[in-house]
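One structure is given below, represented as structure tokens, and several questions about it will come after.
Order of writing sets the labels: A, B, C, D and E. Residues in every chain begin at 1.
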Amino acid sequence: MIEPLLKVQNLSRHFGSASAPVRAVDDVSFEIANGETLGLVGESGCGKTSLVRTLLKLGPATSGSALLDGVDITTASGRRLHELRRKMQVVFQDPYQSLNPRMRVDRLISEPWALHPGVVPKGSWREETVKLLESVGLRAEHADRYPSEFSGGQRQRLGIARALALNPTLLVCDEPVSALDVSVQAQVINLLAGLRRERNLAMLFVAHDLAVVRHVSDRVMVMYLGKIIETGPKQSIFNAAAHPYTQALMSAVPTPDPRRRAQRKRIVLQGDLPSPANPPSGCRFRTRCWKATSICAEQEPALTARTAARGLLTACHHADSEIANEIPRLERT
Amino acid sequence: ADAASDTLTVVVTDEPKSLDPCDTDLSGNSRILHNNITEALVNLSPADGSLVPSLATGWRQVDELTWEFKLRDDVTFHDGKAFDASAVVAALKRAQDPALACEVGLATLKGVKFNAEVVNPTTLLIKTDIVEPILPNKMSAVDISSPATPNDGKSRSPAGTGPYKLAAWTPGQSVDLVAYDGYWGDRPAIKNATIIWRAESAVRAAMVATGEAQIAYEIAPQDGTTEQDHAFPNAETSLLRIDAEIPPLNDKRVREALNLAIDRDGLVGTIFHQDAQKAMQAVPPSVFGFNPDIPGWTYDPEKAKSLLAAAKADGVPVDKEIVIYGRIGIYPNSSESLEAIQAMLADAGFNARLEMLETSPWLKKLLKPWDKERQPSILQTQIDNTEGDAVFTLPNRFTTDGNQSTIADAKLDTLIADASKATGDERKKLFEEAFSYIAIDAVNIVPLFHMVTIARVAENVTYTPDVQAGNEIKLKSISYR
Amino acid sequence: MTSTSADVLPARERRSRRILWFVRALTGDPMAVAATIWLLIVALAILADASSLLGENRISLKARNLPPFDFGQSWTLWLGADALGRPLLVRLIQAASTTIGIALVTVLTSLIGGTLLGVIAGYFGGIIGNLVMRICDIILGFPTLLVALFGLYLFGPSVGNLIIVLAVTRMPAYIRVARAETLEVRERLFVDAARVFGGGPVWILRNHILPSVAPTMLTLASVNLAMVMLFESGLSYLGLGIQPPSVSWGLMVAQGQGYLSSAWWLGFFPGLAVMLTTMSFNLLANWFRIVNDPSQHWRLVSRRR
Amino acid sequence: MALLEVEDLQVSFVTAAGRILALNGVSFSLERGEVLALLGESGSGKSVTASAIMDLVPNPPGEINQGSIRFDGVELLQLSRNERRDLCGDRIALIFQDALAALNPVYSVGWQIAEMFRIHRRTPEGGVEKAVIDLLTAIGIPDPESRARQYPHEFSGGMRQRIMIAMAVALEPDVIIADEPTTALDVTIQAQVVDLLETIRKRSDAGMIFITHDLGVVAELADRVAVMYAGRVVETASVFELFEDARHPYSIGLLASQLRMDTDEDELVPIPGSAPNPVALPSGCAFRTRCPRAEGLCAEVVPSLETVGPGRQAACHFPVSPV
Amino acid sequence: MSFTFFLKRAAFAALALAALMTSAFFLVRLTGDPVNLYLPVDASDAAREAMRVRLGLDRSLPWQFLDWAGDMLSLDFGTSLWHNRPAMDVVLEALPNTLALGAIALTLAFVAAVIIGSIAAVNAGGWIDRAVNVLSQAAASVPDFWLGLMGVLLFAVTLRILPTSGFGGPIYWVLPVACLFARPFGTLVQIVRGSMIEALNATFVRTARAKGARSGRVTFVHALRNALLPAVTVTGDLAAQFAGGGGVVEVVFGFPGIGKLLIDGILKRDFAIVQASIFAVAVVIFFINILVDMLYASIDPRVRVE
């Protein structure tokens, strides 16, 4: 078997004191193969960004490892880290914040080259900048402007262009379209899909919008309160999800079709996400789960194949039980 | 103030440091104490500096080292203790106690051991270890406080024999006096007096104008221009002390040029009060030993220039920068005066720089020891001589051992030493010689003015300040019209 | 969306548009215009003085305390003469160079020193950061006047020491603000982005943090300029700042105090100059803040319609 | 007569870059018990419309230049300041997008809800307290007595939004304007909030203007839709008509660029270009620079909102013909 | 604020105070020896040396420090050279005057600034706002000592309705308070105005309007409390500054406060006074900070999390 591009094993990221840690990422393992896109979904605060930041070495891992091309990111430093950085780039969620407002576009885009001398000779920076801008659908004259002179979608394109400057093999996208306007989202998603095809990029695509993830991913991973609770190929997740949370998540996405609103079965979850500093015992989802039984409080379900769906791994004790018809609706008071 | 016409408010510059009778060498203290709360054995006449009786009715020199004083017998202190010879003995002992570090002991009585003996309650002998020809003069500075005054520290509530006793001292605000019913002399006209202090001359002057005070001392010349302002000589002589050891000031021509370059006539009536007298020597005419025959310096910048040129031709480094050290607030307009003088020196070709110092660093420049490598400098200072004898001025400032002396001249040393021991005409002649030697041969000072103090007195008050007003407010001589 | 995508302007045009906007924004605020004019006058006066256009101002005891507004005299005497007969106007101009010069150098010193220290303390935190902050606390624990008093007594009241003392007493303010800003900027995404590209601390400090912190620091500096002027005046007034024969506005007020009832103009005009200049700096700083805050722009332009 | 009628509303702002026409002739109406979705991209003027109705346009820099807003037959723009205020909260209520910013951080949640009664009703204090607790219970806040004494920062995002809703419906208004009440929330919480809003609205049969750019929510909730572009309403239609048979090219573009969960088609068709600069809008039809159907006429004449079918209007010279 | 939290802060403050006092000890001693100042210029060298011994100044600095630290621990601040009294007595006489002066001036400034700043913010951009802006900028820019001198010139010397200086009944407080009032007032108006404008533009104020609150309620109930925080912070800073004495203003008016005492103490090299003043002022500043924190927490519940 060929080695995956990224191999994450038992990675944890805790914040705060060791006595009462906020378990933002808790014992997470997954892999990304070359050229593959892995979608990561989950509610706000479930630890998506924390995972991404740990992978990017923007914060230390509490435990576990993450091997990129066989080199452990969590322990790399100095030259080795610098080399790793070349292979792995990021597009952040907020295009308004991730570009330094005081730098002109040409400087923004060439910053990676300044930090990695030898990738592109200084003389051809301008030329390469223009090429990158054009590859993300911007024009050469944009190189002389400041980020504030661009619209949100254009800025996100700048962010993507910059992330591509070092020709990385893995592109991490942390909610790249959440902050964008509806009509612009589509533009950016198309762009990312195109680039991926052209460059054979591997991607970790984080979003909380299932529709978006569905559109770009090969495989999908669902996270809840620092844990991965379900993962599998796109088709399996979207057609045969077994975890109640995944089911709830999918049913909550409104469908843009007014005719169907009467027949829709919507699962409205009760309550809010529990605090990651003090997660429920056993299965973390049990406090909002309509299938929960006593075992859920006692035993933490492992992430294993529990249904017939191809490649689907689920962390739920009741994944195969058929009590899903008791789906609750919000109490009408 | 007019409603309570038995109350008088006097405004001075500073709060008294202490009110201990043994600290009357500080004018701020003695203004409040001397002849108001406490009295000395003798007083000096403001007219001619001669001795007049106070607590002593008479005195005579018994032998070279012994003086006898006869005391008043009808006097009691404010605290009820009787005034007698033993009280004087105690006061004199207290004044010389090194642990107390009394101003009087450290300055006026310095260098001599005074031993007092009681003969009987009204007769007293004072013996000295060396000849002390002006012992009664010195006694005029020693205020006699009640024998109950504690000896373990300075007193804040003095009990004396004077016409007023202390009513209250509110720190930071005022000192209040009230007339003493048991006073041996004439009853004063003013019953209550309050002494307050303000640092600013303009404010003090305004306070008399607004009726907040009736008498204000040390009004600056620019404010002292009204009918109510009285200028009186205050026994101070302002001068610039030349550091004659450092080139180019070690050349006499340069020092003469300094004196010639200053337009004293221009300064008087503008920056200095118009009543200030041009000085030729370090003491005013009222002092015993003053030499009236020393010629004054005339303003002659051309001559100064030629002197400098001559010195320069002889290789004297006349272009070297000379620092003028001034002291902030030493007298009204002190920094203006130096700014003007600096400009005058510059006009005469001197390279002079002005540096104004606050008291503590200024004292470092005034007092020995000095740095060997120091810059050539002249220092603004003023010398006061309220005791009326040249011996209080000369030894410390003009002899080789003097702690402020920039001159080391054996001839002058002997002259001053001889004069200090002599009495009578001999003493006078020797001191005159010393002053003349300093002014004409040594030239290590630039004498400026015999200074005046201006006091502003409210129209409804009769008070004419005299030469002693710098050190005493003779409250008992004041009355409302 | 703040897009202006429709037409792409060349850089030069954009710059000139920006200048135009500044001019328009300035004319929209009459007080800022007044402040600018006053500061220009002061600057011109200082220049004239520096190039000794005003000639010497000799002591002339005859002209002592000449009253102002005697327009029969030469123009230099229109504000009267000081206690040594020097034209007050010329003295004011000379004092302006000292006062404003000291303020500028002080502010620059504490700006640079404070920003660097604050940025370093903020970015690295840890022992260095803590140490810097504790020293700040101690300096701030002393009443400001007292630090100045100590400093000037220790080292003597010279212009250089005055600047050092003022700079040191003002520095904690800069350090704190720079640190707080850095703590905030450090968490911004573009800093993370730079780290993902492999930027080290020095690179990030130089290219991202300092430029982001700079505008706030400059605003603080402009407000501080005014404060330092007041402070220097206060010290000189106490006899601790500028010493004669040098002259500063504060010293002039102090010297004028002795002539309060005989020649009020000696203290009045320098005090007024301090006030007007301070106020001008404050007004301009204010204006500058508004210009740089798009949400307040309407203040400056609405009246133009 | 409609409950709320907005006609030819024009609002402008003065900015550094110049004068912006944020609303450039907005017209729509709302019937009692109806949900009207105001759909449009960021900056199209949805919030300004809501502000104008609530008399919240900051002046300066904003100004209502022309138009009319009739509520229950009364011309709002002719009322005095205080008369408008009295209507707000009582008969027309507004729910903001960002509940954390919209709640006053220094007063307790209970106090802020109670304020509605204090301003508009003379309910005795005890009654107010009870009403507040009832409201909190109704929106599903557990332990309402003690929660009422807590401050906004002590609540989660979803709870805060529910509190905003409780406050808005406290006095059972005739019109609720909800300005993107769910945009900042997770899908699961969003479902909670939409559910709650619908339940409560239905109870009092209030009309609602639901502002959003999320077609999914529109499809779920709205009876009628008004699509806005660059300060104008470019199309109004019933929700079914719009999704199946939109007439305005912009509406069509918007529908095509929406990602959906229910179809598997792989290619998204975004609207080309980006939203116009509000300072320098294109001449004629503002959408023409991005419009596939644009012709010469579009650059010259601003299309007005014309009736294109029963109960529906579109502002386009060349509307897509019905299927 | 919990008691343990208070204790923690007090402990921290005590540490800071120790550092402060230590640096003060060495700093005052570096300003030079007081002996010359306290003896007549004609005093002999022996007398000078005797005084040094008496004051313990002949010993090496570390020894002096140990001595002093021992005294400090027993709260003995030494005897003032100038006043001849225990230094702390002198300081405690002056401190209340200063505190009263500062409190009156600051309270007046705060109240006036809140009212005037709010009015300006409500009318932002209008002529009232512009007038307030100019006035407050002027007040914030006026050198206090100069204002004092001009006040004396005008009200005492020329009009004769107020005393020139000194200490006593209410009339003596008018000018000093006015001088100390000006700058805080100007600064605070600017701050209140700025934060009020910000608060008035905040979404929660729009909410209040949408709820139907009229402008008075919106301004004073909803916006003001939010806008108060920056003003409270600045007032706290100013109060801490004032605790160190109205410095120059006290000198101008001969006002017997801690500022004048400190300046005199340094001029007169009265080490005990300087150290005792610094100590007293630091303690006062500590309590001011606690007070400000408590005020803060009572205004803004978000601050209550420790």
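The criterion applied here is as follows: a residue touches a chain if its C-beta (ideal position, glycine included) is under 8 Å from a C-beta of that chain, and two chains touch if they have at least 3 such contacts.
Note that this is a predicted model, so its numbers are computed, not measured.
Counting C-beta pairs in contact, the pair that comes out ahead of the other among A-C and C-E is C-E.
The chain with its Cα centre farthest from the Cα centre of chain A is B.
Centre-to-centre spacing of chain A and chain B amounts to 90 Å, using the average Cα coordinate of each chain.
Note on chain placement: the centre of chain C and the centre of chain E lie 23 Å apart, centres being C-alpha means. The distance from the centre of chain B to the centre of chain E, each centre being the mean of the chain's C-alpha atoms, comes to 40 Å. Centroid to centroid, with C-alpha atoms defining each point, chain C and chain D lie 48 Å apart.
Shown for chain B are the residues in touch with two or more other chains, namely 200, 203, 206, 209, 358, 361.
Residues of chain D in contact with two or more other chains: 41-42, 60, 274-275. Residues of chain E in contact with at least two other chains: 31-32, 125, 152, 157, 201, 251. The part of chain D that touches chain A in the complex is made up of residues 41-42, 137-138, 140, 156-159, 186-192, 194-196, 199, 213-220, 222, 239-240, 243, 253-255, 257-262, 266-271, 274-275.
Chain B contributes residues 17-18, 25, 98-99, 101, 103, 106-107, 110-111, 153-154, 156, 171-173, 196-200, 203, 206-207, 209-210, 212, 358-361, 363-364, 366-367, 392, 396, 403-404 to its touches with chain E in the complex.
Against chain B, the residues of chain C that register as touching in their complex are 58-59, 61, 64-65, 83-84, 153, 156-157, 239-240, 243-245, 255, 257-263. By the touch rule above, chain C contacts chain A in their complex via residues 1-5, 8, 10-11, 188-190, 192-199, 203, 207-208, 211-212. Residue ranges on chain D touching chain E, taken from their complex, read 51, 54-56, 58, 60, 81-82, 85-90, 93-94, 96, 98, 101-108, 115-116, 119-120, 151, 153, 164, 167.
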